[in-house]
Every structure is written in structure tokens, then in C-alpha cells.
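What follows is a group of structures, each given as C-alpha cells.
First chain A sits with chain B, and in the next complex the same chain sits with chain C.
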Partner chain A sequence: MALTLSRKKRISSPWGGFFFVLPSIIAVAVFVYGMIGWTLKFSLSNRTNAWSKDNSFAGLKNFTGLLEDPEFTHAFGNLMKFTVVFMFGTLLSGLIMSLLLEKGIRGEGFFRSIYLYPMAISFIAMGTSWRWLMDSARDDKGTGLNHLFHMAHLNFLQNDWYSSEKASMYAMALPAIWQMSGYVMALFLAGFRGIPDDLREAARVDGATEFKIYRHILFPQLKPTFLTVLIILGHISMKVFDLIYGIATKSYVTKVLAIYMWQVIFDFQNYAKGSAIAMVILVIIAVVVIPYLIYVNKTEEMK
Partner chain B sequence: MLKKSKLAIVLAAVGALVATTVPASHAATNKQLEIFTWWASGGEAAGLAGMTSEFTKQNPDTPFINASVAGAAGVNAKGVLVSRMAAGNPPDTFQAHAGAELSSYVKAGQVEDLTFLYKQEGWDKVFPAGLIKTLTTNGKIYSVPVNIHRANVLWWNPATAKKVGVKAAPKTIEAMIADMAKAKKAGIDGIALAGNGDWAIAHLFDVVLLGTMGAAKYDGLWKGKTAWTSPEVSKAVDNLGKILSYGNASKSLDWPDAGKLVTGGKALYFIMGDWASSQWQSDGLKLGTDYTWAPAPNSVDKSPVYMWLSDSFTLPKGAVNRDAGIAWLKVCGSLAGQDAFNPKKGSIAVRKDSNPALYDSYLQAAMKEWKVDTLVGSTVHGVNYGNAGMAAYDSAVGKFYTGGGKDKAGLVKALVAAYKANAAA
Partner chain C sequence: MSSDLVDRVTQSKDISRNKKKLDGVGQFWLVFRYIALTILFVIAALPIYIMVVNSVKGITGVTQSAAFLPPSHLNFGAWGPTWKVLREPMQRTLFFVLQSSIISAIVGSINGFVFAKWKFKGSTFIFTLFLFGMFIPYQAIMIPLTQFNHWAGIGGTIYVLVVAHVIYGIPICTLIFRNYYAAIPNELIEAARVDGAGMVRIFRTIILPLSIPGFVVVLIWQFTSAWNDFLFAIFLTGGSPKLAVATTALNFITGSGNQVYYGNNMTASLIVSIPTLLVYMFLGRYFLRGLLSGSLKG
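And now, the complex of A and B:
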């Protein structure tokens, strides 16, 4: 009913479509690009404390200052360590889970929900639980994972988790992997389901082993899914904030760029420097996302 | 599809903006009080409720709106507050630690001078002179303190002390470290540490600095009169390293959980502000039998030192209900207001004429000492440094703690940087 109505009243003017998307264009222009421009302006200004209204142009001073700030380089290093472990771990576990479900085993819906469930938990509740799980006390004083290892007589596995000096970010990646791998599984599962069964059957008829089918038939077709997953995980990782704040608040040991930015803006009230950090985060994300957008546009044009 | 969902998000965001700005414009009637505080649970909330009912008694026609944002030491609340102040949409009054924490608001011209209120209400006579001196910047006072907490308190469980063989509270830092060694031999942690978020370790460092160099030099640190590169600071850093080595292995505790190690007999000492006492009492523990206290050890000063911190309220410039804000501040400074708030919050009144009979035995002792002790400020709780200095100070100590207390030169360097960050901000 609704469909026929809309067809009858369809606006024929070429401007109709434009007006339809206009609110969205305005909103994006103001709230996304306008705000980026605003942040960029601040990052190039002298507004380095709460009371000065000195918006004069400072050049790249705020950015070069970041390079000499040990806290910034610490947060940057932390973010890179986190990203590598998080992306690799999530990709791998998501892929394995989707391989397990892909054949259409019994109770697939049940397992799918279980794997996806961590995504539905609030960051703060999750942070509190993982803080307990990853507590650094050991042996009979231990709680959480260390306690489990102790009970299982695997004492050598006990460690400081996210409060260890060197390995903090690798531990911090665990809850992130736990949370996101279900989502990655869903993406891969959709990818697998998008491949027609005829291809597998044809391969089987030709005498290909199951491994060969995956290696030469299925995985090559999943390439776009891989790319999508990498981009999604990459940008989630670069701007990670709530997960880490939920577990360790502003602790030095797990500080990443987004937390440091928040601290510089709201605690230090150094708006110029905070905006500079925000721009750095944006550029890192852009480096990951823009080539992807170009690739997608090209493949769509080819179609 | 994508665009539609984006539009929906934007519309939702706009809706949220409208929803949040409506009360503010509606409030231009001068007929309500919007207060911004991070007292949201436990004794803090109970104390606030006591003060609120006092306010409502005096101002029955002014609705009270609490824009409370919960969070330990107000870390979340501060973020929200900073944005609202910067956006020119301040609450009618907000909570802040008394002292340098207010400096950025003062320099930005965002809070009003309250000297007139001090004269009018006679607070300049009933608040201790030393405190008024600390609160005064260039002859002006910008906030009304409602309570005094003590930061340098040593807590322990008498049963644990007996088991370990500690007979009396340690008077010096060295004696305290010796006691911790005894505890370690007995298989108990020497000190309970709350590592989550760095601030409680920085709080411990405040107390160690004071105990190692004495009140006069400690006070000079924040004013540029004692050098951060001086041998006393290195000695304090050494002491901190030793103390941390006797701490619990768990580095992720919040202070209430660390406190439970002490009351539960798993750790000997705990250095924490006196809010620990009210927390334990609400858990049903008894002062004197389940836990006890002494002033934190001090190796230098002959007379006792009181490291204080204070919660206070301000009058933001451009607040819509200025009269309601002033009425609130009057309650904050009044005898009835302070005696309604403090016994529940577990702190003492700022006023010298407060009624001791309303307070428990710890607080009564604290009231006596508050009047006679040498006063120094707590850095972690806003007295000595502004927001920028505080964040850098916490971070410096947090880094040292995570590194296992080894990088002493690095800590001194970071402390110098924190001093500079504070001066620059």
C-alpha cells in the first residue's frame, strides 16, 4: 500500500532527490567536517590554557611539541602495540569461529548468539569485570585468571596482566578481542554464505580436498570481507577509549592517545595541544580508511 | 540506507542537544538551584542530603536540582563541568576542592569573588585564619569550604599489629618501613596499595614527601622555594620505592578494596584520607577494635602536622540563578549546614564553633588537632596544584609505581616537569 502511494507521488524534478538528502548533507557538513575544521583551527592556535582567549595562529608548534612529549610517545607506542595484537587476535579468532559455524552445524543460532553476546555488554560493566579477571595478585592471593592458573597448577602462566610495565597493552587487547571477535565472525559468516554452493560442488567433483577448496576457492572470494574487517578493526582500535578507561581509568601504564587527549583537554585544559592530539588520531585513521574508500569506489565503478 | 541511518543519528544528536539545553534556558527565572557535585553515593550523598534539607528549609520555594555525575575523586564530573563552563552554560554552583584546583577557573574569570559573603556572614572570623590565607588569591576568595578531610592518616588493624609484633604506631618513616619488614616476615603485606588510576599512590607519595622533609620544605615544593632536584626529594623517592616494595601484588585495586586488605588482616598499614573511616563504619566496622589510626609518620617535624583537603562550592559568573547560588553558599558556610553535612560525610566542619558532640571519636580527635596542628595542603586533592599539575603529578608517580619503583631519576625528572606544567597552565 505504502509502496504504491509513494510511487504515485514520486517527485519527478531532478532536484527532488537533492532536497531529500539535503538535511543529511547539512548535518554532515556541520557536525563532521565543520567540527574537523574547528579542531584543526584550535590545533594550530596558541590557546594552551583555560583562561587565555588567545586564538592567534601558532603554526605547527603544537604538533612538534608532541614529539618531544614523553607522555605522548608513550601513549602512541601503547596504541600501536594494542592495535597489532587486537587486530591480529580478533581476525584470527573471528575467522576460526566462523569456520566452525560455516558448515551449518546443529544449534548454529545458539552459538552465533553466544559469540556475539560480548558486543552487547556495556563497556563499564565489562571493564570492571576484566579488571577483576586481570588482577595482578598471584598464588593463593590471586583472583580472576591468575587464580584459575594457580588452581590448574599452571603457575608459570600467572602474570601482571595490564599492570605489567612492558606487556600491559598485550593484556589490554584480550578483552577487546573477546568483545569484537563475535562481530568479525558474523562478517565472515556472511561472506561465506555469499559464496554459491555450486562452486564448492564443482571443486569437489574435480577432486579438490577440503583444504584446497578453502585455500583456492573460498578464501580468495572473501578478500573484500577481509579488507572490510581490517578497516573496521583498525579504526576501532585507533580511537579506543572506553574499554581502557573502564578497566584502568587514566592509569599511566595503559594510556593511549584518546585517553591522553581527553586528559589534556579536560584536566590540563590545554585546548590547542588536545586538538593537536585529536588531529593526529584523525590522520592515523585516515591513513587506514581512505585507501579503502578509494578501493571500494573503484570496484563499484567496475561493476 | 547508510545516509538514512546517519541522518537518524544526527537527528537524535540534535534532539539530545535540544533536550539538554532546554532546562537551562527555562531556568532564567531565578527560581531554582542547579548544583553540580560528584557526591552521589554513601556518606557523601547522605551528607549532601542533610545540607539540602537545610537549604530547602530556608528556601522552600526554590527547587533543588542535582546535576550529579558519579565518579571517584570527581574525574568524570570535572570533564563535564569544564565543557559546560567553556560553553558559557555554568551551573548555579559547583563543587571543587578548595585551593589551587580552582586556579584555572579564577584565571579564566569564570568564578565570582566571594569576599563580600565572608564579611557579611562573619566567616572571616569563624574559619581558621591559616585556611583563609590559603584560600585567598590576590586578596580575593573564590569558594566556600564545607568540610575538612585529613590526608596524612595511618590506618591499621590492631589484631594484625599484634600478630606481627608491632606495639605502637611508628613515629618516623624509617620506623614504619621497619614495621613493614616485620609484617613481611609474618607473611603479611606491609602496606595496602590502591593502584587503579594512579591517584592513591600519588596520595601516598604526598605523605612520604611530608614525612621525609618536614612541613616547611614540603610547603616550599609547590611554591618554588624547595627545589624538586634537592636531596630531600631524592630521599623521599627512595622511601617511596622501599614502601612500595612491601605493597600488595595486586596493582588494580580501588581504595575501598585496598582498605579491605587492612581491615581483613591481609596487610598491615594503609595510608589514606580519613574518608576511609566513614567507609568502614558504613561497612559495620568499629573504630578501636576493627581498625585504628594515628597521624602518618613524620621523621622531621617536632609538632604534629595536618595535611588537609577541603571540598568547597563556588559561584560561577553568568549563572542563571545567582541568588539561589548565594543562598546555597550561605548554607554551606553556616553552622547548621556544616554540622548537618560533616558527621555523615565523615569529615570535620571548617568552622571553629562546630558542635563536637555530633561527631564520632575519630572526628572529635581530628577537630582538636585541626585547631592546633601545622597545616599543609594535599597535592592530589587540589590544594597545592591546579588541574594540569595534579594530572602530571599523578601520572609521574603512577609511572614509577608500574615500573616497580626502580626509575628514581625518571620520577624526579617527571616531578620537575609536573611543577613546570602547573606553572604554565
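And now, the complex of A and C:
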């Protein structure tokens, strides 16, 4: 009797849960945190070419070196341009999609699934289409969008897209917006439909216009959704890699940090510098995501 | 409460209400909405449309200026040769993706159960530490991971990708299952505990039988993300043709030197996309659930 009792107690003790997830805890500790630490160590070392096994401590040399590296600042600038256009564009188009659908409309399911399918396809595959659509040839030689504009006598709209010197990153943001808008739409739809109908009805009875209802009643309720969307888009943008690689590979004009890091590691075999670039991406993301996770954690605990 | 989220998104509001006689302004807005939705539809569908119409024009049948137009007759000439190149990489992809998805789902369901229903001291904190793993740029672990693979003796085999997708899939799979299990009433578990059932038994006899939709969500999530993954594939296999998977093989076909063979490239891209598109077409609802669960809030 005593034996069974103690057995029961052991199994139903809350620590059982800990042992259940222990393998995952170890995996995350080693493969996420341990390996980030290892990369940090690389980034502070002298291992700057394929032959060197020199893991000696180099201080912040690799990081200060990045600031003086015009390719790095170029890639960083590109990434910032891309991020601004991508985040703003995706937020806007996703929001528009959800506003068009949120009240319910015949054929909603059809539109929704078409808007969301880009999330299911790899960017290496979609890159083929987008590369063709955004081909820089013009007029009679034009293909893709330039051809379309030429046929429609909208020649002034023709441009160099992702091959252009100044606007390459803005063009590169188009396929990214195309891919992520449906996701943002879904998040906003979930937000809109989580707001009780009574709120709108009450405002309507009070004589508020539709515009005012959105401005003063619905949008304030969607603040958490906005925050989630910004975090998701922001961290995806910082990491952007296959989208750009699939369309323009390592082209200079569209180089971002992840592409440059890949080049530094594989083409130049400079582990120290590649690790330093990776750490820069990580820190930018961490600065935004850690406070967000703490906030989510707190609201969780209040539940 | 992820299940509720999906219902929220997919529940169309009572459309019958729209049927009531619309006044002039109401009709205008309805027409406006349809026009806007159709424009967005055209933009969203354009890239896949181009892929499909140009894949049935044969290898040389794609003329630059007519690429927007459907073919005058169907020509599957580009499919045979492209499939010949892609068959082996796609089989290899299927092989590793199935393994990694199944393992991920099992691990995720165990973790999700504990973090939702069998919390221990500090479990919320540990869960938050897990979640951070969802956001990290994989560049920041790639070099040590390559070294680990060598050390573990799996370097140069397809198992590098199984390991990568299982381990770095832990955060998202745990999150999806945790959100899924959070909707199960605590009373169910309390009742079983009073009857003397332990953790393992509760998990096996109460939680698992309720988990099938959760498994579907995680399986197709992991399937889609591993199938479409390029970063791990290119880093960990080093682009070796012996280990080519769907995306790396496709990148090899459509890569810089071959950009002019549009018929070929579009066909190859379409073939590689078919498995995930099929999953999306038939299980779109579960795909959506994964996306929404992966967004933390809700």
C-alpha cells in the first residue's frame, strides 16, 4: 500500500513534466544557445581563412572590421531599405485584404485561399517566375512586367527592377510582399473576428460612421495583432535569404547581410568574419524579440 | 486557443444579412470590394499562372513576348527531361522530410502537453527560452552545426537535414501543440488524476486520442517548411549533387547560366512546388492553423 502510494506520488509530481521535456531542453540548450555561444566565440577569433585553425582571441577586431568594410555597410543599407518597404507594404496590403473580407462576402473562402497560397511555395521555385516578371529588358525586347507595360502604352512604368542601381531593394520587396500579405491578412481576420459584434452595433446605434467605427473602436482593439505582425515581419526581413538568392543569387545590388554572410563563409572561407555578420543579425533580432517574448510571457501568466 | 483562431478566420459572417436590400451606397461598396478583391486575385495568382502556362509550351516553345498567353496547344515536352533530373532529389527530399516531420510531431506533442497541462516550476520560463529559438537567424548556428555533423559522423549524409529540421523545429512544434492542448479542459485531466492516473497514462489515454488534428497541423507545417527549406539544405550539404534535395536541385537547374531556358525552368519550378501545393489545396485549413498558432498571440 505504502509502495503504491509513493509511486503515485512520484509520477504525478509536477517534476515528471520536467523529465518528459528534458531531451528537448538539452537539445535546445546545446543546439540553440550553445551553438550561438560557439558562433560568438568564432566571431571573436582570428580564424579568417580556410587554412587557419587559429582560434585565438581577437577581441572585437572582426566587428570593428565590418564597420570599415564597404560591402558590409552596403549590404546593411540594402537590408534596411528592403525592411522598410517590405514591412510597410505587407502590413498595408494584408490589412487591405482583411478589410475587404472581414464583414463576410460571397466567395470569401476562394479569395482567402488564393491570397494565402504563396506561403506554401518555396522561394527558389517562385524566384523563377519573379525573375522573369522583373526582367530589366525594355520595349520590344521586354519580358514580364516591362512587356506588359509596353503593350499597355504605359512605357514610363518600365524599369530595371531588381537590377537597378538605386531601386533594386524596393523591387526585391515586391515578391516578399506578395508572399507574406496573405499571412498578415489571416492574422488581421482573426483579430477582427475576435471583436464582439456588439461593439460595432452599439457604435452604429450611437450614430458613428463606419470610418469612425474602424478608427476609434476596431483598430484600438487590434493593437496586439499589429504588434505580432510587426515582430513576425521584422524578424523574417532581417533573415531574408532564399527570396533574394532565388531571384538574383549573389548580385551586388541586392546583397543583404544573410547573402553576404554566405559569401564570406563559402567563397572566402572567413569563418570569423562570417560569424561576426551572423551575430550582427542575431543581435538586431534579439533586441526586438526578447522584450516581446517577456511581454508575451507576462500576459500569459496573468491568464 | 488556436482552434478558435482558425474558426474565427474561416467563419464567414452571416452572409444572409448582406442579402437584405442594399441602398445605393451599400451597392457601390459591394461592387468596389469585388473589384478590389479581383485585382488582388490577379496579382496573387500571376506568378503561378505564368509557371503553369509556360510549363506546357515545350522546351523551346516559350517566346518571351507571348509568355503571358496560354499555349495554342498543350506540349508536355519539357516535363520528361526535367522530371528525369528532379526525380532523385525529390525522392531524397520526401525521404528525409517524412522522417523529420514525424519525429518533430512526436516531440512537439510531448513538449506541448507538459507546457500546457503538466507545468513544473519554471516551465513558463523554459518555454520562453524555447520560443526564442524560433526567431534566431540560422546563420548564427550554421558553422557549429556543420562541425557537430562531422563530429557525430553524419556529415555527408541526408541525416544532417533530419537532425536540423527536428531540432530547430522543436520551438514551433511545441508552440503549436501547446496552443492546441490549452483548449482541452483541465477538468478532464483533474478527473483522471483523482482516479489515480499518472502523467504518462493521462498523456496516452486522454491527450493522444484528442491529438489527431494537432498532429496533422504539425506534420504539414514541418513537411512544408522542410520541403521548401533552402538555407539548411545549401549550408549543410554544401551544394553536393549527391545530397541534392528539391530546392537545391532546382536552384542548380535554374541557376545563373540557364536563365534563358524559361520553358525548362518554369516546368522544374512547378514540379518542385506540386507536393506542397497539393498539401495546401487539400489541407489548407490545417496549414492556416499552423500559421496562426505560430504567431504566439491568441
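The working rule: the second predicted complex is superposed on the first by the 286 of 303 C-alpha atoms of A that agree within 3 Å, B and C clash if a C-alpha of one lies under 4 Å from a C-alpha of the other, contacts with A are read in each partner's own complex, and residues count from 1 in each chain.
Just so it is clear, a residue touches a chain if its C-beta (ideal position, glycine included) is under 8 Å from a C-beta of that chain, and two chains touch if they have at least 3 such contacts.
This structure is a prediction, so every number in the text was calculated from the model and none was measured.
Applying the stated contact rule after C-alpha superposition, one finds that A:Gly59 touches neither chain B nor chain C. By the document's definition of touching, of the two partners only chain C reaches A:Ser275; chain B does not.
Within the superposed three-chain model, A:Gly127 lies in touch with chain C and out of touch with chain B [touch as defined at top]. Judged by the touch definition given at the top, the superposed model places A:Phe42 against chain C, while chain B stays out of reach. Taking chain A as the reference, the larger set of touched residues comes from C, when chain B and chain C are compared. Looking at the shared chain after the overlay, A:Ser163 reaches chain B, while chain C stays out of its contact range.
Judged by the touch definition given at the top, the superposed model places A:Ser24 against both chain B and chain C.
Look at A:Pro196: by the touch rule set out above, it reaches neither chain B nor chain C. In the superposition on chain A, A:Pro291 contacts neither chain B nor chain C. Once both structures are placed on chain A, chain A residues 21, 23-24, 27-28, 31, 131, 141, 143, 249, 262, 265-266 are touched by chain B and, in the other complex, by chain C. Contacts from chain B toward chain A in the complex involve residues 3-4, 6-7, 10-11, 13-14, 72, 75, 78-79, 82-83, 86, 104-105, 107-109, 195-198, 248-252, 266, 387-388, 390-392, 394-395, 398-399, 402-404, 421, 424-425.
Taken in their complex, chain A has these residues touching chain C: 8, 11-12, 14-18, 20-21, 23-25, 27-28, 31-36, 38-39, 42, 93, 96-97, 100-101, 103-109, 111-133, 141-144, 147-148, 175, 178, 181-183, 186-187, 189-190, 193-194, 224-225, 227-228, 232, 235, 238-239, 241-242, 245-246, 249, 258, 261-262, 265-266, 271, 274-275, 277-279, 281-282, 285-286, 289-290, 293-294, 296-297, 300-301. Listing the residues of chain A that touch chain B in their complex gives 21, 23-24, 27-28, 31, 48-51, 71, 131, 134-138, 141, 143, 160, 162-165, 168, 248-253, 255, 262-263, 265-270. The residues of chain C lying in touch with chain A in their complex are 5-6, 8-15, 17-18, 30, 33-34, 36-37, 40-41, 43-48, 50-51, 64-65, 67-68, 107, 110-111, 113-115, 118-121, 123-126, 128-133, 135-145, 148, 167-168, 170-171, 174, 193, 196, 198-200, 224, 227-231, 234-235, 238, 246-247, 250-251, 254-256, 259, 262, 265-266, 268-270, 272-273, 276-277, 279-280, 284, 287-288, 291-292, 295-298.
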